[in-house]
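Labels run A, B, C, D, E and F following the written order; every chain starts at residue 1.
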Amino acid sequence: MKFKSVGKDIRVSKPDPRFARLLLEQFGGANGELKAAMQYFTQAFSCKQPYPDKYDLLMDISIEEFSHLEIVGATIQMLLSGVSGDLKASADESEIMQTMNGKAAKESFMHEAMFNPQFAVLSGGGPTLTDSNGNPWTAAYVTANGDLTVDLRSNIAAESRAKIVYEYLMSFTDDPYVKETLRFLMTREVAHYQQFEAALNSIQPNFPPGVLQSDPRYSNLYFNMSDGVEIKGAWNEGQSTQLREEWQYVAEPLEKVKKSNGLTECEPEGTERTEKEVLQADKALAKERSEEIKQATPLKAIQWSTYGE
Amino acid sequence: MKFKSVGKDIRVSKPDPRFARLLLEQFGGANGELKAAMQYFTQAFSCKQPYPDKYDLLMDISIEEFSHLEIVGATIQMLLSGVSGDLKASADESEIMQTMNGKAAKESFMHEAMFNPQFAVLSGGGPTLTDSNGNPWTAAYVTANGDLTVDLRSNIAAESRAKIVYEYLMSFTDDPYVKETLRFLMTREVAHYQQFEAALNSIQPNFPPGVLQSDPRYSNLYFNMSDGVEIKGAWNEGQSTQLREEWQYVAEPLEKVKKSNGLTECEPEGTERTEKEVLQADKALAKERSEEIKQATPLKAIQWSTYGE
Amino acid sequence: MKFKSVGKDIRVSKPDPRFARLLLEQFGGANGELKAAMQYFTQAFSCKQPYPDKYDLLMDISIEEFSHLEIVGATIQMLLSGVSGDLKASADESEIMQTMNGKAAKESFMHEAMFNPQFAVLSGGGPTLTDSNGNPWTAAYVTANGDLTVDLRSNIAAESRAKIVYEYLMSFTDDPYVKETLRFLMTREVAHYQQFEAALNSIQPNFPPGVLQSDPRYSNLYFNMSDGVEIKGAWNEGQSTQLREEWQYVAEPLEKVKKSNGLTECEPEGTERTEKEVLQADKALAKERSEEIKQATPLKAIQWSTYGE
Amino acid sequence: MKFKSVGKDIRVSKPDPRFARLLLEQFGGANGELKAAMQYFTQAFSCKQPYPDKYDLLMDISIEEFSHLEIVGATIQMLLSGVSGDLKASADESEIMQTMNGKAAKESFMHEAMFNPQFAVLSGGGPTLTDSNGNPWTAAYVTANGDLTVDLRSNIAAESRAKIVYEYLMSFTDDPYVKETLRFLMTREVAHYQQFEAALNSIQPNFPPGVLQSDPRYSNLYFNMSDGVEIKGAWNEGQSTQLREEWQYVAEPLEKVKKSNGLTECEPEGTERTEKEVLQADKALAKERSEEIKQATPLKAIQWSTYGE
Amino acid sequence: MKFKSVGKDIRVSKPDPRFARLLLEQFGGANGELKAAMQYFTQAFSCKQPYPDKYDLLMDISIEEFSHLEIVGATIQMLLSGVSGDLKASADESEIMQTMNGKAAKESFMHEAMFNPQFAVLSGGGPTLTDSNGNPWTAAYVTANGDLTVDLRSNIAAESRAKIVYEYLMSFTDDPYVKETLRFLMTREVAHYQQFEAALNSIQPNFPPGVLQSDPRYSNLYFNMSDGVEIKGAWNEGQSTQLREEWQYVAEPLEKVKKSNGLTECEPEGTERTEKEVLQADKALAKERSEEIKQATPLKAIQWSTYGE
Amino acid sequence: MKFKSVGKDIRVSKPDPRFARLLLEQFGGANGELKAAMQYFTQAFSCKQPYPDKYDLLMDISIEEFSHLEIVGATIQMLLSGVSGDLKASADESEIMQTMNGKAAKESFMHEAMFNPQFAVLSGGGPTLTDSNGNPWTAAYVTANGDLTVDLRSNIAAESRAKIVYEYLMSFTDDPYVKETLRFLMTREVAHYQQFEAALNSIQPNFPPGVLQSDPRYSNLYFNMSDGVEIKGAWNEGQSTQLREEWQYVAEPLEKVKKSNGLTECEPEGTERTEKEVLQADKALAKERSEEIKQATPLKAIQWSTYGE
């Protein structure tokens, strides 16, 4: 991992326990560095053998995110400087309390501690593997679905969220060193976004994700579900973005459902795709993808790496 | 909500507790209907006032997903038919056990029940708000970041995952009614995908998500982190997908970091963007977005709906 | 859902991020509106076919709770007005910092943000699907046990908790608009409480919940477990509330257990129920309930709704 | 705790790892013994000083539930007999594998183990603190709201759920010892139900829970939210169960909301309660309850127990 | 449980809602009293029959920890005195607000409430079963692996963590009564540490934990994984602490792996243990442990306690 | 990370979805490789500057555990070979179903899939970041308390648990390649155990963990809490393991508490430590530890790494 080396120069101007708490969002939060690292790492297993180039991409970025996790954790640790020293001095507190000075100091310490009590009473002044509200990191944040055209889209979205969280964080510190670090990290998310997008583009066809085509009877309906105001936009009139079908605006979904006997008697409209073509496409693509994978994963004497070859 | 009406005709051929368990993945799972419904619903609050057209879109789809949640739940309930009747007959079991017949029936019932014990001993034969492994649904699945260009990307990815899960599910049932239902639901995810994509395209500029531009020193570097094999692809050579910068492949990240004094002495390469332009763009976009929002949300006498106007 | 329409007029006097955090308790908290909506929705599946009247009741209240969820979310969004605008202006902050004024504003913003950091760095100024401490909503809050006499009691208790939480919340705001909204929501919980109680009363017998009767040897014992003080009350002397048995106060549980050979040699006391009667009641009720359900759920060609009939 | 003594005689006829898994539902599940014990224990703190009689009741039942937790855990441990012995013999397995006999035994062992893998690979053949699906117990199951009329209703509902789960469990075992144990535990829940009900009745007034009265404009409305079928019952016509107001059936909620300007211009109907009386009742009850509590909890020199008095 | 009796005198000098929040860490936190109590309780089941002396030890300490849980909960309840009284007076608030005095009081109350909103709006002024950040207690904190030499080590570590958390907590209060209580509790963890250590020492051999010996090819390698600086210490040079093998420092793990064909061609170095001896030790110990357990747990007619013997 | 290189040769003989599920316990389970890696990584931050040698040790082992995570994940992926290919072929299934052959194959596939439905319907045949019961990994498994003598004990216990889980797993597979891998991983835990033990021994004094000494009045009491049988052992008679005090067996804790006025009037017995010495030791150690830390962490111009020095 060579964490020190692949990272960057990390500094803080002075301790700031309040910002340390905010920054936890990117250490152990839903869109933070651990989430990113573990997501790409977990996805990588599925594509090691059929798609070694994508495996390499996912592992490169996963490890870079681990190095970012170290950058974020180190920054938090430095922003908390002093807290652990104070805790170790706890035996002296009877002394401190004999002076007004001490009282104020303790009060101030207490107040700071309240921003994230676990820095004070659990971690002894180090980062905790939680988000900014103290929720422990959970693998529920991670998505890995074994289909690269799905996983890469998950990653593009994940990088978008990580980017905006760094942007929000930058509003809450004036420390120029910390801002420099945040800007670096934010920028890397922008780079990764484009890397995943390029990888997605290199797989064709990639829409819809997976193998099965959509049913032409339902793929271009827009149901007006929420209320009487009918707002029109590119999402419910004109052509759809990928299949280039004409959107069918269903202003009164209830009527539609009743008239079509629970949608069982719908006919495709605004599209030239036919059921027959769809089934053929399904079969052809299924065969292609399935063979690709089966070829890559012989069912016995399976090995992962190849030493001595 | 008019659940019955906006849904579709739902049937099952015969009970199948095993498939009922699998189907829970789309009832209370990470990419299921409740996740989708609650994600769009939560995102909608942020854009009600500045972007009423996107609010309408998010609410339309959110409510459609709730109606899908009912479709999935009703299917599970029907696949479990018989379980609840058997539980209510429990007082008879001493009788049943006096015959071999009864013993076998009980054994078989026991075996089925084992596939998801909570159908048997907790929910009395109804759906549980969990995924297929029994994990209770958690809001950790939901992402809503208050920036539409981020949220719409999260939704495109979410629809991709929901689509592939329906595709996987279709491999595990032969019931033609259930397959028809799954195919309908899968297709709607394909429609929503395109609706969200159209909405994203209608916001310009939408890259990078948020307001702040990326730092030209770091936005087109590719770090070769994972191992000696250097695999090249559209993600680390040629132009980047959005900013159209030239990828800079860093084959030896450690060397780069050391030579640049922890990346503090990097100069932008392969890009024409300058620091000055970036800062100007930041300011301009910040001003635009901020005023848009401030205008829409007067700081007092705030009201949500407008009756009697 | 027609959220706007079925809700009520919602206003706030001015932004109040601190109260916004408290109010999250009813948005994504253990006794909040999402919990209520999802609990009744999940319970409804089990009674759709055998008890269509109760299905209707559960769905009516479930959907009303969803509309309350929107009311609460909209109130939180309005209480946070200004936060999202400030975040979008983040690019301006170098300017702001050149004036003392700016520093104070930033400090104050920072302080407010600390009350719930995720409003600031995660949701961009919108509601999060969590409780007031930031815990993501979990389906562990929801109970649905497939027996209406159990589920309705769960609901009566749930409405009680929701009522008291609104009552507590009312102590923490002086905004007359917000108070009016809270009082409306609190009152609706009182209405629902009585609706569920009426539904429970309409099912007879409803005690004990379920089918099986209790064992007369153990149903009226009171074990004095905690300490030497023996406090008497209606719960351990006189008649029990439902079965009208005489409470038997066991002052020395250890002695009782030893003397009765681990309770295996107990005889019923203070009751006229006999083992024989109990077994008969079990069978009779089991038969009744089981047939009710079996009749309603034919084991094949099952359908949920009936279009075209 | 004297677990052995306050419990009862516990036996099983023979090992049964499958039923052991089901029984976990009452060890570490949402309605199990740990939940009950911790719920009453946590509630007890709030009423120790103002209501010592209810404190005693809550602690008596809490400790009884802990003793039930031991009964359930011991039963699970005995149902798993053999598993731990087999694990300790793992070093012998090369031997076992040389015979067909061994292969079959291992296969069968493997199959049983699959029903709950954690018995095999995590706990070494002992109970785990989870529900039957392996979810770790969480305090999200526990409710304690500091108002006795709320907490007692939560407990009545909790006992109902625990009762039905034992009833369901009884369908899945034929072991007469285990059935006897389950019936004992089920019966105790029936007893506790009545004890909590008696305690609730002893507090007057107890409706609505808490202090604040409901708003007469909204307390007897029934909103027909779900669909066109209007099913009537005791919950939307006639008098309400507690306040004895006449239910007002709102067949078209949208119309009502629009006509009343977002419900702001409603007048109370079907009730004789007036706003003025409500406010008086609020104040009177608030004063009574508040003084009760303040008297019991002097603001300094506070102590919990009173030794040497 | 006799909580009052086995506890100790508990007092607080005056209410302190801020410290109450910190103290939650030991009520419902990861290293708190409930965790300890439930961990030893759960472990006890596995050793009841083979090792009754260790069962007794685990149950003695488990119950002591429950009594500590009550001490911590009672202290929190007293530190919150006043909060529940204020909540009950909520109906008076319109009065309060007519005076400046009231406004300030309300503001201050509001501010305190913010430190843990759930004291104010959820629990009505009582302890909540969470840690200091409001995370609900989870059984994920508990470890019980069915092997006493493992479980006792888990307990020694758990007591160490509990001790340091009490030490940290002592820095944040000046209340002499509370400090006395914390010091008592901290000291008991030191006592338990030594009790578990003595129990571990009484089982021989106890290294490695479990039955199977380690593979001599890999048991004394030290891989230099993190970076070029090679720091030496007792953990990578000289003899290992238990097996007394000579540490083999692998400065270049990559080279080692490549040369040894993926570690498949390693030979043991720095140790006298041979593969043959290891396998013999495995079998001997497996036989011993397995029989110990099998003897104690006859496979039928199993009973837990022995009344009347 | 160079995962491929620092790992070892990994193979499986043939697919085995059932064992793949069991093995998840060490991928995303409570004692698995991710837990170990993240625990040591998180602990490392606190000791980077004061104790660079321990930082190096923690990072070396953390990264080794990451490489083990890859080994485990790769093994699971290979054990699932075939699953993903079958999913991709889903479009063919109408064909398959026309033959008996196909029906049986599908049934068998369905049955295997049931052992962990998420392999089938969520991950598309890859590892999921969960334990063997499907619980998502949570940071609640990780402990890092900022005191090395505590953290190292946590690690010794963690390695013990990881060792026993590998031992249990070895009983459930006969694949010689998989067994070789498991034995390698198990052995590494034994090595790490001894490395952490050596590191702990190198810090003196290390008992009690932390700074504060225990109170001589309570440090050697043994409370007989569970029942009348008084079992004696090295943990309640003779000298305590570390402080070498004489255990004081309190046979009747209630009596002791009453006589000592709630333990307020206890005198130290069986120990020569005095209150005065304890306070002196507290101060001396506090000073030493506090200065150590303060020296290492200057309060401004803080930097983590030192490029160009």
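The working rule: a contact is a pair of C-beta atoms (placed from the backbone, for glycine too) under 8 Å apart; a residue touches a chain by one contact, two chains touch by 3 or more.
Here the structure is a predicted model, which is why all the values come from computation and not from measurement.
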Chains in simultaneous contact with chain A and chain E: C, F
Taking each chain's C-alpha mean as its centre, the one farthest from chain E: B
Identity of the chain that, by mean CA position, is farthest from chain F: C
Computed distance of Cα centres, chain F from chain D, in Å: 32
Centroid distance [mean C-alpha coordinates] between chain E and chain B, Å: 36
Intercentroid distance (Cα basis), chain C paired with chain B, Å: 26
Multi-partner residues of chain C (each touching 2 or more other chains): 1-5, 7, 9-10, 30-31, 59, 63, 86-87, 90, 122, 124, 130, 133-136, 138, 140, 145, 147, 164-165, 167, 170, 211-212, 225-227, 257-258, 261-262, 264, 305, 307
Full enumeration of touching chain pairs: A-B, A-C, A-E, A-F, B-C, B-D, B-F, C-D, C-E, D-E, D-F, E-F
Interface residues, chain A side, partner chain F - complex: 1, 3-4, 7, 9-15, 28, 34, 38, 41-43, 45-46, 48, 59, 63, 66, 69-70, 73-78, 81-82, 84-92, 122-130, 136-140, 142, 144-147, 211-212, 279, 282-283, 285-287, 289-290, 292-294, 297-305, 307
Chain F-touching residues of chain B, taken from the complex the two chains share: 18, 21-22, 25, 29-31, 115, 131-135, 164-165, 167-172, 174, 225-227, 257-258, 261-262, 264
Touching residues on chain B, where the partner in the complex is chain A: 2, 5-10, 30-31, 52-53, 56-57, 59-64, 67, 135, 138, 140-141, 143, 145, 147, 149-150, 153-154, 156-158, 160-161, 163-165, 167, 170, 183-184, 186-188, 190-191, 193-199, 201-202, 208-212, 214-215, 217-227, 229, 231, 233-236, 240-243, 253-254, 257-258, 261-264
Contacting residues of chain E [partner chain C, same complex]: 1-5, 86-87, 90, 93, 97, 106, 110, 113-114, 116-118, 120-122, 124, 130, 133-136, 305, 307-308
